[in-house]
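Given below, in the form of structure tokens, are the structures.
Both of the next two complexes hold subunit A, though its partner changes from subunit B to subunit C.
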Partner chain A sequence: MKCIIPGTNIKVFGKAIHSLSKIGEELYLEPLEHGLALRTVNAARSAYGCFIFAPEFFYHYDDSSGGTEGEMEDVEETFKCKIQMKSVLAVFRSLSTLERTVDRCKITLDEGPRLVFQLYCKHSITKTYNLTFQECETLQAVFSKDLCPNAITAQAKLLTEVVQNFQLSLEEITLIVSPEKVILKNYVESEPDPSKVLHTQMSLAAEEFDYFQIGVDTELTFCLKELRAILAFAEAAGMPLSLHFETSGKPIVFSLEGDPAFDANFVMATLADLGSTQGSQSSQQQAINRPGTSMAGTSKTKRTVKKTQQQGSKRNESDIMENRRFQANRQPNRSCAGGNSFLPMDSGFDDMMNDGMDDVIAMGANEMEAAMSQETEQQRNGTSRHEASPERSASPEIPLELGKRPRTHYPDEKPTSHDQSHDDVSMVMEEEGEEEEVLVPGTPPSKRFRSMFFGISSQSQATQAPAETADTAEVLCEDTDDED
Partner chain B sequence: MRFRAKIVDIACIQHFTRVVSTISKLCKTCTFRLTPGKIYFILSEQVANGGVSMWCELPQANFFDQFQMEGVSAEDNEIYLELVPDNMSRALKSAQAAKLVKIKLTKKHAACLTFDIELPSLTNQSRTVVHDVPVNVIARRLWGEYQEPAMPQFDVSVYLPALKTIKTVVEKMKNLSNFLVLSANRNGDMTLKVETDLAEVTTLFRELEIPSWSREEESGVSQSDRDTDEMAEARVDIRKFSQFLAGQQVNPDRIICNIVDGNILHFFVLHEDLSLQYFIPTVAI
Partner chain C sequence: MSLSTQQGDDEDNNILVAKVDNARNISNILKAIHFRDTATVFASSNGLKVTVEESKCVQANAFIQAGVFQEYAIRQDSATFKVNLTVLLECLTIFGSSSAPGMNTALKMCYAGYGSPLQLLLEEGGVLTDCSIKTMEPDEMLDFGFSSANVENKVIMKSECLREAWSELDMTSDVLQILMSPDKPYFRLSTFGYAGSIHADYPKDSDMVESFQCEQTQTNRYKLSLLKPSVKALSLSCKISIRTDHRGFLSLQYMVRNEDGQVSFVEYYCCPDEDVEE
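Take a look at the complex of A and B:
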């Protein structure tokens, strides 16, 4: 990959990196046919940011993985890497200086040992940064903006002014929307005495927004720090920011569109809590019934039916078998739902980007990601239809997902615990499936940010699973019966 | 118990914000006292915590366009609240361009002083920000602890030199020692001194003005027969002093410094809209 950023665009590029650096520790760089993708995810995997700079953004853009391996040059095999945010930040540290002095910036990534940033400055000075990188698979969040019942577009300045009313130390903010207005509150944890804490609430009339479509009244809580990072970029770029969201526990997507040279999407997990899940249940159904989502609606019903059969048989069968079928059942639905982004409601609006699992696998190596490898295992063992499984486990509250290609890594990972873990995971999947499809409020109470991404989430859910199973299974059956 | 007030004038909002911000820099928690004519910020620290005390009073009419209150009873028509002035200051930060600020005592999740701020917007409808500052209502029987401190029988009283000058000096001295000796005489000489094992640094200010206190205020007997050249001194925690100097956001007209030799430093911040007194006890060597 080789690309050259003109001096006039260097500031935007640098700002993008600054903004991503406030979210994650590592920068994922991937040259795509339609542009250079810069992505990051935070350590908790609850926030994801992605910029795609179109070829127009550059003087010169060549996404090939380097001339030597022409035969390998299909899209899947472009060279991707991740670098330490710190090191790339060093290149773009002082944006005002860069803007004044840099004529162009060349980024080269090939099979060589380094990712090279070359800044061609005034007076024929060339600054070359050779950054070490790690090869990796694509990092991709699973989300779809198109089916979200709620969409708001606001000028970055408006949102910045709103956010300024909140303390810098505030971690999470709650967004409450109704067709007339938007309310933002500081999220107060129950930990220190909530009655001793300053409560702040701001309300904005719908007219203040450039675009305002609320299909479902909802209330969601997400991290403020990342939002500030996004706003910092949006304000500098002078672009309006769009918010797409559904209900609590489902991811919220912030996007910057309108500039042909680049677009940016940020996905943030939202806090799931019991109260609002119940509230959202009916509203979600409402949303399904609204015109325009009918396709999703019907396919949902289909799925529910299948699910019901599934549930019925489930009790008497082994979980593994169940799981297999479960996924088998899913598969056709997926395709009937019409490809990537137009998934039925129940798949959580999550856009499937079938990208590499490698990153997760890599993390599986860290013991912290044990659950992830369970999932992988399950994928391999439970079914070859790996598409369904990670999505299942990921989709309802897990906006981010790393690919779903079958993996053959770690063949011997946890051979003893396998059955057990498999069991748990499949239970979890059930719950989630039920949650989305039958829309039963099965979200466990007080689990902060269940919408964590992949590994962590499945881990935490796996641990929750045994406690919840009995309860939710009951509800699940009742509800499915109703629907029948 | 009821309280409701409104500020419309932006200058008043900003002024009130500066007052609260000054208070928030001087203490972590304080008592907010409301009477029909005045509002007060009161701090009286336990000796164990440093023994600093503060008394700030503002005639409400200088700030508020509307001010209604109903105290505990007709004869005790006052309200005493304990609050964190920093919360109040944060709440008011939202109001820097406000059209209207309403402050009222509410019962929400807990007793709160609610700041209801109306901000201009791009549309007809205003943006509103509501901050609920949690408060504790102080019971009637405890009010006695928050009486105005008596004017000390000072030995020497001088006007402090320009705030900016003295602030710079004290900031530098803070790096050297934890304690500062402030001494002054009735000729208008004042010294600030820090001592370390290796050095002693003294800054001398001359020809400071001497405030003219009326006879009844100068109730002390000791001072009248005091030699004009005799220095009265007080050794205080330099952080408290520097905090006091740095916290001043209100652009005071003058600051009077009264010294009770070896006992206490008393600052009297003069401003047309408010008065602020601050007491720093001396620390023995």
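Take a look at the complex of A and C:
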């Protein structure tokens, strides 16, 4: 793989990395035919960011895909790796200096094995960064912007000004839309004494937006911190930002498509509808901070299984994620901290289309996990980093299945209302209603769901073991290990 | 601090009296070597030499020539004393560190010999401050034995190109490796940290390099924690000279221009890390 970025584009590239660094700890790099993909996901798997830089962005772009004359080394797959954000930030630390002094940046893969970033600066000075990386599987969130009934496009400046009105410490923000206007307010989780909490609310009329189409009135809550990171990039790039969303519980997609040379998409989980899951939700949040909290208690479970379509594009398959609505149980890390960690993601997208960046997706705590699980699954490089490993122990998540996993990986699966329409997906969700009694704050929730992260499970069975509680009354899917 | 109330205007007792119109000319240079609390001051007819040492491995010297002072008088051949550099800097910048052009702090420094405190009289805008800093028995200074005759490799370059690289050195690396060679890459700074290795190459034909004299390829490693403080001197200076001798000892010399255009020098000596690769 070899890419050369011209000096004029280095700042954008660096800014993209800065904004991804505010979301996740690791940067996933994958050179694809249609561009270089930089992706990340946060530890709680509730926020995902992806930048794809088209070949036009570079002076020279060579992804060494099998198919070019003579390049037969990576016949089966392209090079995919992940590097620590800290390492790559060291390369692009001071953007203003980069802009001033760097003529071009070359990214190559060295036998080392090292990912080499070379900055050719003014005065013939060269800076070389030989970074260690880990091979991994593709990180891919599947989502479909086209299917969202609600779409808004706004100038980044407008949204930045709006967001500035909220306290810096605010974790989550609520967006309420109707065909005439949009209201943004700070999210207050449980209702303490209303007079003690600062409420901020802003209304924007439909006319303020470049594009405003609301199909479904909705109210959704998502993490503000990641939004700030997205807006920082959008404003610096001077591009309009599009929001695609449906209802609470389903992910919201922010995309930047104004520039022909690159695309950016950010998918964020939203808090599930408070109405039906109110009770469980608050207690759930207590449990959330603890490793291994299960996500019990989603009142409506919806199992939708998605299958990614192979489109010849090298990236999708592994990451089909299943959509389901369930409460998060990841240890909140970067996203909405403080206890409300995970936002259940519900996705109603049954469609799977991959065209370009639109993939069907379900994102949720577990989904990304499954994607991540692919890494170990393949055992390419061995060290899979489990950022959100804690919950492996007791996680009831049902991970998503992806693409080509042989059925045999799910030996004891006992799906209840499982949409078996796609063979390669295995997912199970529990029936709601039963959870409620389990959610006692401070105690591990009942283990209804066993983690089915194979790749991960093969490595983390040990960690999973201790967390299994005795409450296995309704195990729908058994672990692949034999703890019980 | 001694509570002497002697104003220091008593010329008979002072063996050293130095006056300068802008105390920043002194304080800025001293900040460049301020990585330990104490410093040794060596006053001679040439001016002041202030030395700071660390771990018996690194030594920094600041030379403030007599010409920098508006008035400089010393009675003896030389005087040496140790003083708390942190306190000295705080006194010199007692009126604040903002560099508003109109307001300069005038300084008068007096020393009455062995055992006496170092007296400072500072004035800005009609406000006077009188400081008396206790002096201590000077320690023996290291002699690195660095002589020009033994210099093998020498590079002189403009500080600005090194500044950013130096300030962003990967601190997870234990060492800073300096390679100087008559062949490519000519001059290379390397670190080996958690993220991987990072190299900064400065070719001899770069317009930032003013002079390049290398007899043979030398690669030496120095403890990064010891050299990192030199970034302060680097940011103040306009030119830097990097020399290594046959033992691998490193000499960094910085040319500093003060606000009035006068030139002073700061110098860092560092001994190489144990396992030297040659």
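Keep this in mind: the second predicted complex is superposed on the first by the 256 of 484 C-alpha atoms of A that agree within 3 Å, B and C clash if a C-alpha of one lies under 4 Å from a C-alpha of the other, contacts with A are read in each partner's own complex, and residues count from 1 in each chain.
Quick note on the criterion: contacts are C-beta pairs under 8 Å (C-beta built on N, C-alpha and C of every residue); 3 or more make two chains touch, one makes a residue touch a chain.
Only a predicted model underlies this, so the values are computations on that prediction, with no experimental measurement involved.
Taken together in the superposed arrangement on subunit A, subunit B and subunit C fit without clashing. In the superposition on chain A, A:167 makes contact with subunit B only, not with subunit C.
Once chain A of one complex is fitted onto chain A of the other, the partner contacts of A:114 are limited to subunit C, with no touch recorded for subunit B.
In the superposition on chain A, A:225 makes contact with neither subunit B nor subunit C.
When both complexes are overlaid on chain A, the residue A:199 reaches subunit B alone and has no touch with subunit C.
Looking at the shared chain after the overlay, A:2 reaches neither subunit B nor subunit C. The overlay of the two complexes leaves subunit B and subunit C separated by a minimum Cα distance of 6 Å.
In the superposition on the C-alpha atoms of chain A, no part of subunit A is touched by subunit B in one complex and by subunit C in the other. Taken in their complex, subunit A has these residues touching subunit C: 84, 86-87, 90, 93-94, 97, 101, 114, 123-132.
Residues 158, 162, 164-165, 167, 194-205, 207-208 of subunit A touch subunit B in their complex.
Interface of subunit B with subunit A (complex): residues 84, 87, 90-91, 93-94, 108-110, 112, 121-125, 127-134. Against subunit A, the residues of subunit C that register as touching in their complex are 161, 164-165, 168, 170, 185, 194-203, 205-208.
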